[in-house]
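Okay, so chain A shows up in both of these, paired with chain B first and chain C after.
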Partner chain A sequence: MKWIKRHLAIIIIVTLIVHMLFSSILKFAPVNYAYRDVMDDFFNNLFRYGISDINFMLVVLVLGINYCAFYYVITLMLDFTKGVKDLVRYTSRNLLIFNFKMLKLIATQYITKFILFISITMLLHVILFNYQIQYLDIVYVVLWGICDIVVLYLIQRFIHVETLTIFALSMYFLMRRHVFNFWILFIIFIILHLLFDTYRKEK
Partner chain B sequence: MFKIQNGFKIYNKNAVLKNINLNFMDGKIYGLVGTNGCGKTLILKSLSGYIKLDKGNTYQDTTELRVKNNYVVDTGILIENPDFISHLSLLENLLQLSKMCSNKVDIHKWIATYNLEEYKNTKYKHLSLGTKKKMALIQAFMSEPTHLILDEPMNALDEKSVTVTKSIIKDILTQKNGVVVITSHHSQDIEDLCDEVIFVENGEIIRQTSK
Partner chain C sequence: MKKIIPYKSLFLLIIFAFIFLVFKDAIHHQLTFNIHAPDLSGNGLEIKADFLRSHLSLDSLLSRFNMWQSILIPLLIILTVSQYIFMKRCVIKNYIGKTIGNLYSKNIFKTKLYFSCINVVIFLLLFIIITVTSFLLGNFEFLNIRDYFPENSFLHNTITDIWTYLIYYITTKSLAIFSLSMLAYYLADYFNSFIHASLSFLFIVWLATPVLHRFLPFYLIPLVSLMVTSFYDVYFWQIISLNAVIWFMILLIKWRNKYEVD
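Right, the complex of A and B next:
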């Protein structure tokens, strides 16, 4: 019962915050806002607007919505810089397995928050704007999730300082759509990186 | 069996490990003793494959560590104070780690062993230093490994937990007949546990004595 109450409270708080930030983005967005693409709304980033349209408030809101929704994922990413990775390493018999375990750990921690965020946003859209969710929206969300996991993996792999991690995450949140367009390249990069690591060590 | 051969480690042009030659044989508990900063932890890091020596090699049985992707296997490791995921509870953290182990782990048994039931739902960031240390020890012991590499395992523990930890170390050695390497600043711990004591000073092995 306590567990249900706690989670219900979290869902309500996140819903309110997401809605508040979302409404603020609508207010401060300097272009005509259309509700054609549901994903565009919460997939919001600065590339949506022209350079001259970008304002401070918009940057804060775009970051705010992402930091609120993925707060625990961000703390996890910061924990990685402090030594959580060592524990994963102790349970791995080689580098390749370690990398896969890290990817799995990030994915399992991320997916729950991602599903919560997506569900709330979709629900808000359906209720407030009477939006009809389509098949392509779901595909889009799945691809977005994969892209996020890949980027988070790359950040923990190459950045070992807390401040730089925060900086990298902020940059990613602001330029997510741009990164998203090349998600397949990231997947290829990861595979090549894993193979190269193995090859280098074998040699 | 673990072995370090002609080990050198250099930081900022200073040799912090100098010509380390050590053999750790199965069925024995080894204690590394020395002042702060003398290189004990570095030796453990090298043994666990956590750092690569600038010169020399580290072996587990016949496998050279840090070469061909190899890490140590079947070894419980505790080096310094590892951090867990801060927003997860004690139980969630240990369950997360147990899923990564190759064998089945009974986390609740370990929580009971260290009398941590009261704190199992407390977030890691709210735990005391002693409880965090017990968690770190549980992660080292939980997969019931053959070998143990433990850096100051008794630090921050109460007397009862020290007794429990010592008995676990002895039990694992009796059952698995592997290698146990520990460091400690408490002569009583070394006296109680170790078959061989290795004295380290300024990155060098100055003496090795058997009980």
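Right, the complex of A and C next:
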């Protein structure tokens, strides 16, 4: 019962915030801006307009929504630089298991927030903007989640400074489109990196 | 003190990111423009130089700077917040109990001033780079200066040419950067941790600004003090009230956190 109460409160607050944010996106958006573009813009394609057409409020808002939606994930990412990683390392037998544990930790933290956020945005789009969800939209969202997890993993693996983590995260939120086009390369990179780590360990 | 500050090289990263983003269009034009294209009427080299001069005009460079500052200056302030927390925990803490008088809080205030002045100096450096390049290589002009201020305000009569506008630009931006960075350091004092201080500062700066913009007039929103130079019809009292809102928040934090010892 306690769990339901807590999550209900969170869902109501997040719904209110998301509704407010999306309606404010429409305020600062360029002219000839359809409702359908809102989701597209927020998720990826901010830089299709060219610099002169973008309102800086829109850019700031995209960053703000991302920081609001994934607040707990970002705090976890910042905690990794302060010694949480060492705790995981002590409890794992070798480097491969350690890397898998980190990936699992990030993924489990991320996916719950992601599902909450995406379901609320989808619902709001269906109710408010009469948006028809298609098969490709869901595939797109799933791929987006995988890409996010991969990038978060890479950030925790290679950056060990708090401020640089914030820099990298905010750059990623802005340039998500460009990263998203090459997400499969990132997965190949991660697999190679894991193999290389085990090889180095065995040697 | 200067030798101990960590991650000083990240300042260079932010400066280079600023320079790259501001001059990106000019660099892209210089690298990709084809002077032998068949649809050009006239000398290709002259047309290329004309376009470059318009890309490097003060008007377009400052508008691009206004666009990217809303992202990069909060990040710069966060970098200095981490350095401030390091200095506070590792250096200034040792003043407690060593001397008579309130040396600890004096030194904390001094470091706050020091770091906020660093932010202002980096802004001035970037501003000098922009103005000098547009003065030497591009069109040194700023169109429609008088449209930024309403006719009955005294700014409309005082800011008439480009030099007075530049002075106005420097003073408003420096004041905004100074007060915003002071707010960030007081938040760091209040929360006593980098994560909470930086994320709450980013929420104030990035999330609260567009949301509050729907309900409140623009002169009551904190981050707009950074962007006020790109707003039209600005009165003098509105610029003052923008900074006053930030200082009111600082006073509120200070009142809530009277007896702070790390």
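In the analysis below, the second predicted complex is superposed on the first by the 187 of 203 C-alpha atoms of A that agree within 3 Å, B and C clash if a C-alpha of one lies under 4 Å from a C-alpha of the other, contacts with A are read in each partner's own complex, and residues count from 1 in each chain.
Everything that follows uses one rule, which is that a contact is a pair of C-beta atoms (placed from the backbone, for glycine too) under 8 Å apart; a residue touches a chain by one contact, two chains touch by 3 or more.
If you're wondering where the values come from, they're calculated on a predicted model, not measured in any experiment.
K.L.:
Touch test for A:94: chain B only (first), chain C only (second), both, or neither?
P.N.:
first
K.L.:
Does chain B (first) or chain C (second) touch A:105, or do both, or does neither?
P.N.:
first
K.L.:
Please work out whether A:140 is in contact with chain B alone, chain C alone, both, or neither, and reply first, second, both or neither.
P.N.:
A:140: touches no partner chain.
K.L.:
See if chain A has more residues touched by chain B or by chain C, and give me that chain.
P.N.:
For chain A, the partner with the higher number of touched residues is C.
K.L.:
Is A:79 in contact with chain B, with chain C, with both, or with neither (first, second, both, neither)?
P.N.:
both
K.L.:
Overlap the chain B and chain C contact sets on chain A and report the shared residues.
P.N.:
75, 79
K.L.:
Could you pull out which chain B residues touch chain A in their complex?
P.N.:
The touching residues are 48, 50, 67-71, 73, 75-77, 79-80, 82-87, 96-97, 100-102, 139-140, 143.
K.L.:
Within the complex, which stretch of chain C touches chain A?
P.N.:
Spelled out, the residues of chain C in touch with chain A are 7, 10, 13, 25, 63-64, 66-67, 70-71, 75, 78-79, 82, 194-195, 198-199, 202-203, 205-211, 213-214, 223, 227, 230.
K.L.:
What residues on chain A touch chain B, complex-wise?
P.N.:
Touch list, chain A to chain B: 72, 75-76, 79, 82-84, 86-96, 98, 101, 105, 109, 197-198, 201-202.
K.L.:
Flag every residue of chain A that touches chain C in the complex, lowest number first.
P.N.:
So the residues of chain A touching chain C come out as 20-21, 23-24, 27-28, 51-52, 54, 56-61, 63-65, 67-68, 71, 74-75, 78-79, 161-164, 166-167, 170, 174.
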